[in-house]
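In this document, chain identifiers A, B, C, D, E and F correspond to the written order of the chains, with residue numbering beginning at 1 in each.
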Amino acid sequence: MRHDGRTTEDIRTVTIEKDYLIHPEGSVLISVGNTKVICTATIEDRVPPFLRGSGKGWISAEYSMLPRATGQRTIRESSRGKVGGRTMEIQRLIGRALRAVVDLDAIGERTIWIDCDVIQADGGTRTSSITGAFVALVIAANKLQVEKQLPTFPVRDFLAATSVGKLADGQLITDLDYVEDSSADVDMNVVMTGEGQFVELQGTGEEATFSRAEMNDLLTLAEQGIERLIKIQKETLGELANKVGQRAGDAQ
Amino acid sequence: MRHDGRTTEDIRTVTIEKDYLIHPEGSVLISVGNTKVICTATIEDRVPPFLRGSGKGWISAEYSMLPRATGQRTIRESSRGKVGGRTMEIQRLIGRALRAVVDLDAIGERTIWIDCDVIQADGGTRTSSITGAFVALVIAANKLQVEKQLPTFPVRDFLAATSVGKLADGQLITDLDYVEDSSADVDMNVVMTGEGQFVELQGTGEEATFSRAEMNDLLTLAEQGIERLIKIQKETLGELANKVGQRAGDAQ
Amino acid sequence: MRHDGRTTEDIRTVTIEKDYLIHPEGSVLISVGNTKVICTATIEDRVPPFLRGSGKGWISAEYSMLPRATGQRTIRESSRGKVGGRTMEIQRLIGRALRAVVDLDAIGERTIWIDCDVIQADGGTRTSSITGAFVALVIAANKLQVEKQLPTFPVRDFLAATSVGKLADGQLITDLDYVEDSSADVDMNVVMTGEGQFVELQGTGEEATFSRAEMNDLLTLAEQGIERLIKIQKETLGELANKVGQRAGDAQ
Amino acid sequence: MRHDGRTTEDIRTVTIEKDYLIHPEGSVLISVGNTKVICTATIEDRVPPFLRGSGKGWISAEYSMLPRATGQRTIRESSRGKVGGRTMEIQRLIGRALRAVVDLDAIGERTIWIDCDVIQADGGTRTSSITGAFVALVIAANKLQVEKQLPTFPVRDFLAATSVGKLADGQLITDLDYVEDSSADVDMNVVMTGEGQFVELQGTGEEATFSRAEMNDLLTLAEQGIERLIKIQKETLGELANKVGQRAGDAQ
Amino acid sequence: MRHDGRTTEDIRTVTIEKDYLIHPEGSVLISVGNTKVICTATIEDRVPPFLRGSGKGWISAEYSMLPRATGQRTIRESSRGKVGGRTMEIQRLIGRALRAVVDLDAIGERTIWIDCDVIQADGGTRTSSITGAFVALVIAANKLQVEKQLPTFPVRDFLAATSVGKLADGQLITDLDYVEDSSADVDMNVVMTGEGQFVELQGTGEEATFSRAEMNDLLTLAEQGIERLIKIQKETLGELANKVGQRAGDAQ
Amino acid sequence: MRHDGRTTEDIRTVTIEKDYLIHPEGSVLISVGNTKVICTATIEDRVPPFLRGSGKGWISAEYSMLPRATGQRTIRESSRGKVGGRTMEIQRLIGRALRAVVDLDAIGERTIWIDCDVIQADGGTRTSSITGAFVALVIAANKLQVEKQLPTFPVRDFLAATSVGKLADGQLITDLDYVEDSSADVDMNVVMTGEGQFVELQGTGEEATFSRAEMNDLLTLAEQGIERLIKIQKETLGELANKVGQRAGDAQ
């Protein structure tokens, strides 16, 4: 039994509020326990320089936390005048993860900007960002497909993420909250598709290590957690869920 | 009649959700029509260098907008590497306005950080920030007073803000939304206390001017709007509202 | 009687030295008491991105103080690596104020850069900058009109600024010097046109407030002070003063 | 057979030149094929703020590439004025990895700075940096132990890193060079200890995914490669290799 | 005969206006032809970290140009967010040059800040800055000596600077103005003391070279020019000039 | 006799390793005693804005030191977020020096980037950078000439640099190492061509001065040292040395 009553394989209560904001092409407020992230997707009609003229699109992600998302106030990165290493690492991860399930040719020379703004943090902000951003992305992709009459739905598969970890006593658990994360020996973030394929896997021992057997058990926990998250994404999206993976020529 | 059905002196529907976040000492989500701002108040046990050893406290404010708070995505100031002029102007205004009703001696050598993060913008973000931040400040001030057994409640009077303006056709109106603000000839932000005193007044003609008579009428509109906002602040605060203005020695 | 012998409505001795520098299209050295500002106007044949192709011009202002313009040496903003909030606020104000009396269509797709560099500060640097910059602007506008044969003189009306304020003892005064400004409860900067219209009005109580009656009296003081400043501008400009407000078709 | 004649499990030729520079406490030039990195270890007698007074030390790593380490000249991060996301990600990884095998209590309140400067890049710069930095660290740790008469040798175990990956044709390979890395579907960096424990594992599909079976095979390749790298580290260190893992009380 | 009527060895008309500003401990406005620089000296009661506890003082210099000091408007370094290479080179030169004639032990643990702000540029701004800054420094040093009752006058010798150069036609000239400087093959800045010793010498061929014989002739021109500049410094300083070089024990 | 056994006119042992890196168009590792610098030359097919359309090329240089090139670790300029004054001064010097012997018309609208990265410092890093960079430049220039069939070899003459100085005891010496440089009264960097012409000369007394006679002797020492350096450059370049100075029409 964990400190909040969960079993080792339980994820926290997850809610995803669709169309949370009026301006973005896609937006959600995802809550994973007390962790709350506003995720938006924006369609921009141009691409980074290295793709100009390629006919191909791009996904760029940015991540930030409000100063009082955390127990102690953190100084804004805009006040510091630079984006920190942790933020960069997370936003690169979010972008890379989403690109793995998007057909970048299908969206044409457009950038989909993903913005993940953590308004309350209690562990798992990067994985919650990915899970929420995926839903915002599908909503925006649908608007893009309808408006531009794209033959193929540009999102090829579902995608969600969770964390798994090893506590100091050796216990392996899923979806760590802040208390668990702070004291864990090993922390592993896993991103998987609806097909059960891995997209990204980052396992880290901070002043600690883990064996190959432990890694196998952690992956099994991650698979179970992500399966549940994808189920919740599908419920949130409703009919729109059916479009994910549709190609030109599929009966619609 | 205005484009959204309001009369010239109507403010938009205002709601203030208290204790919106779990971590900060004080927090609200204020909605003024479609403008939504998360306002938090943080107590920090130190002051800027110029006040060290003075026994006096300080109020510092920061303001930011999420990239998709607006119709077009705006680039984050953390990505630009610097805080823009508009942001600086607004955060200086918020801090100055709140300091006018706080007894800085009563809080001792502490800084109260005010963070206003606009999650959705539809005009009036700076005035909504002030009106919401005041409520977060009172909540935090109460915690500070209880915890440190301060004899005087450090907030001396109520404080709220609204905008008034002159449209291109000469009409004078209260609480401009984005559509009105974009086309107004004159925009005036007014901050007032519960006693009906002015704290700050910023009237600006962008490529336009205004007469002394118009200014008098604008001030009357502002007084009416702010009176209504302070009534809503009091309803939100409930019993806590009575503490505002209490001094050591007052019957409690 | 004020500390320097002035009555409450007296402004300080003002001199404006025309064509102070050899390179700029327009330049003055304005002295308002001990406050001295070099103001220059530069014509640049391009506009900011948001105006490209619009046929319309722009006025941009920058403001700075030499490190020893003040009693204590201030660190250069170039050494700090960023422009501070106060500077941004002032340069935005100067630009906005001047744009209110310039016919931006008449100057075509050009930017007039206004640079105000305070070489000695004794209170009122922002209002002195506006009053001096107006004269530099007229000189540059004249060169532009002659050189490009513009049918309309692009400056529509005179423009000057002063400060008014309320001292701790309740006295209301015009054109505060540094000693008065440091101890004032309320400080109000007012920008007006030759026609007596308001362009900008910024009244601020730093840890203090003011009543509507006081505001009325402050505005009366400001009107009187600005009238005198515009008279001095006209004397400085000589014949050029007559061009202000001239339109295509006016007898010249 | 791979493009350079290696089998799927071959790592490239590795040489580690000890004491490459005269100034640092520890330094090597590591060559992994054409990838060449200067790794230095510096002992500094102070720790970051969060460890002051804790009696515990820290390892901080920095990573950089010379502009012409690469085929195309890359702009210096000092000229850009900021450290990029990729660099931050790598230097955080190097620091975290080394901390996993260092007894931070044993070094006392000191920081060991690791600097990895890539002078020639041909794939695998981050894993080569870790493998080389470990050797520099042991050399510096030895000097520290001798000079400060530390009872315990502060490095607890060997540590090395390699990359494994999946090519577009599905082939799984070890120690990717630049040509292979550019076209790989999946890239995985693995850091392991002399005991065969995992310290860090980062698997990434860039616009691609991988199955659990593939991951198992990749890990086996990584284990083999790292075993070989640790053998080379031991040969380089000579007698010093025996000190790794020694504790107070061990016969020396 | 040069383009402005001077002979090859003539310097331009030089005036030095003492006590130009009211706030700094020392200040002048120096004009060398059309080049005009405000030079100030500020006494600060602390030193850079590397001198703390040494009992020794320091001279730090900063240099800047107003945007319209030049024919084309230059962008402010504060707006760019960094100080450029040319500025850094010049301010390092000014500081180094003045330190050569100041007794840094005699001033105690204090920094004398030198600020040189070019308000109008017509060639020779760095040498004019040194010549003017020297006078401001002596004025400030006198105040320091009187106020702190220093036994030794901290300025040991006079110091001035000029430029010499070689035109495209081979002609060697003194004190180049902008027109000459722009077309010169070789530009040499020379700083000398009242005793005729060299302090700094920077000769540069931009896409050109010079022979040893030419260098000898350039140095002779520089010596003559600097002798004349030091004469003007002495006239400006009046009685104060006698203090330069006085030591404790000298009859005063 | 000097502290390392050299006579006053001896330079240290110099080796220049050609083609040190595989990627750049030209590269060397130069060692001057314990000072070691990697110098590379990169051909880029574009020029800075001020040369676009001119048909003329440019040489830009950048200089940096590894953090542990020095006895104490220096903080990276990328971490500081800005390039320091010393670095700027040096890279401007290197670029200017090389441009003096390059036919910028002959290279067409191309930039040759020179990167000098000091991997070990023991005095004389800027002069060693120039001497080494010249060799890298000739190698790159040769590739450019061959590939683009330029009629004229774009390097007109040899170029090398050394330092000379005056020790505290008045002794004048060539090629100062760190120990000598730290205690020298006067430090002079001299850049000369194969023809014996001066390109750049920077003599500096740090809190000291020098006479004209001393300067003459220093120049003689510099001439002798540079002559030897150019001999070593020629030996390193082998046959390529003959191309330096060749013009279209010369028998090849």
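Observations on the structure shown:
Criterion: a residue touches a chain if its C-beta (ideal position, glycine included) is under 8 Å from a C-beta of that chain, and two chains touch if they have at least 3 such contacts.
Please read these numbers as outputs of a predicted model, since none were measured by experiment.
Hopping across touching chains, the smallest step count from chain A to chain E is 3. Listing every chain that touches chain B and chain C alike gives an empty result.
Comparing the contact residues of chain C and chain E by number shows a mostly shared set, over half of all numbers used being common to the two copies. Farthest chain from chain A, judged by C-alpha centroids: E. One inter-chain figure worth recording: chain D and chain E are separated by 52 Å, centre to centre, where each centre is the mean of the chain's CA atoms.
Chain D and chain F have Cα centroids separated by 34 Å. Taking the mean of the C-alpha atoms as each chain's centre, chain C and chain D sit 60 Å apart. Across the assembly, chain F contributes residues 81-83 that each touch 2 or more other chains. Taken together, the touching pairs link the chains into one ring where each has two partners. Starting at chain A and stepping first to chain B, the touching chains follow one another round the ring as A, B, C, E, F, D.
Across the complex, chain F meets chain E through its residues 82-86, 88-89, 91-92, 96, 99-100, 104, 188, 193, 195-212, 215, 219, 223. Only residues 21-24, 27, 34, 38, 40, 42, 44, 62, 64, 66-71, 73, 76-83, 87, 113, 115, 117, 119-120 of chain F touch chain D when the two sit together in their complex.
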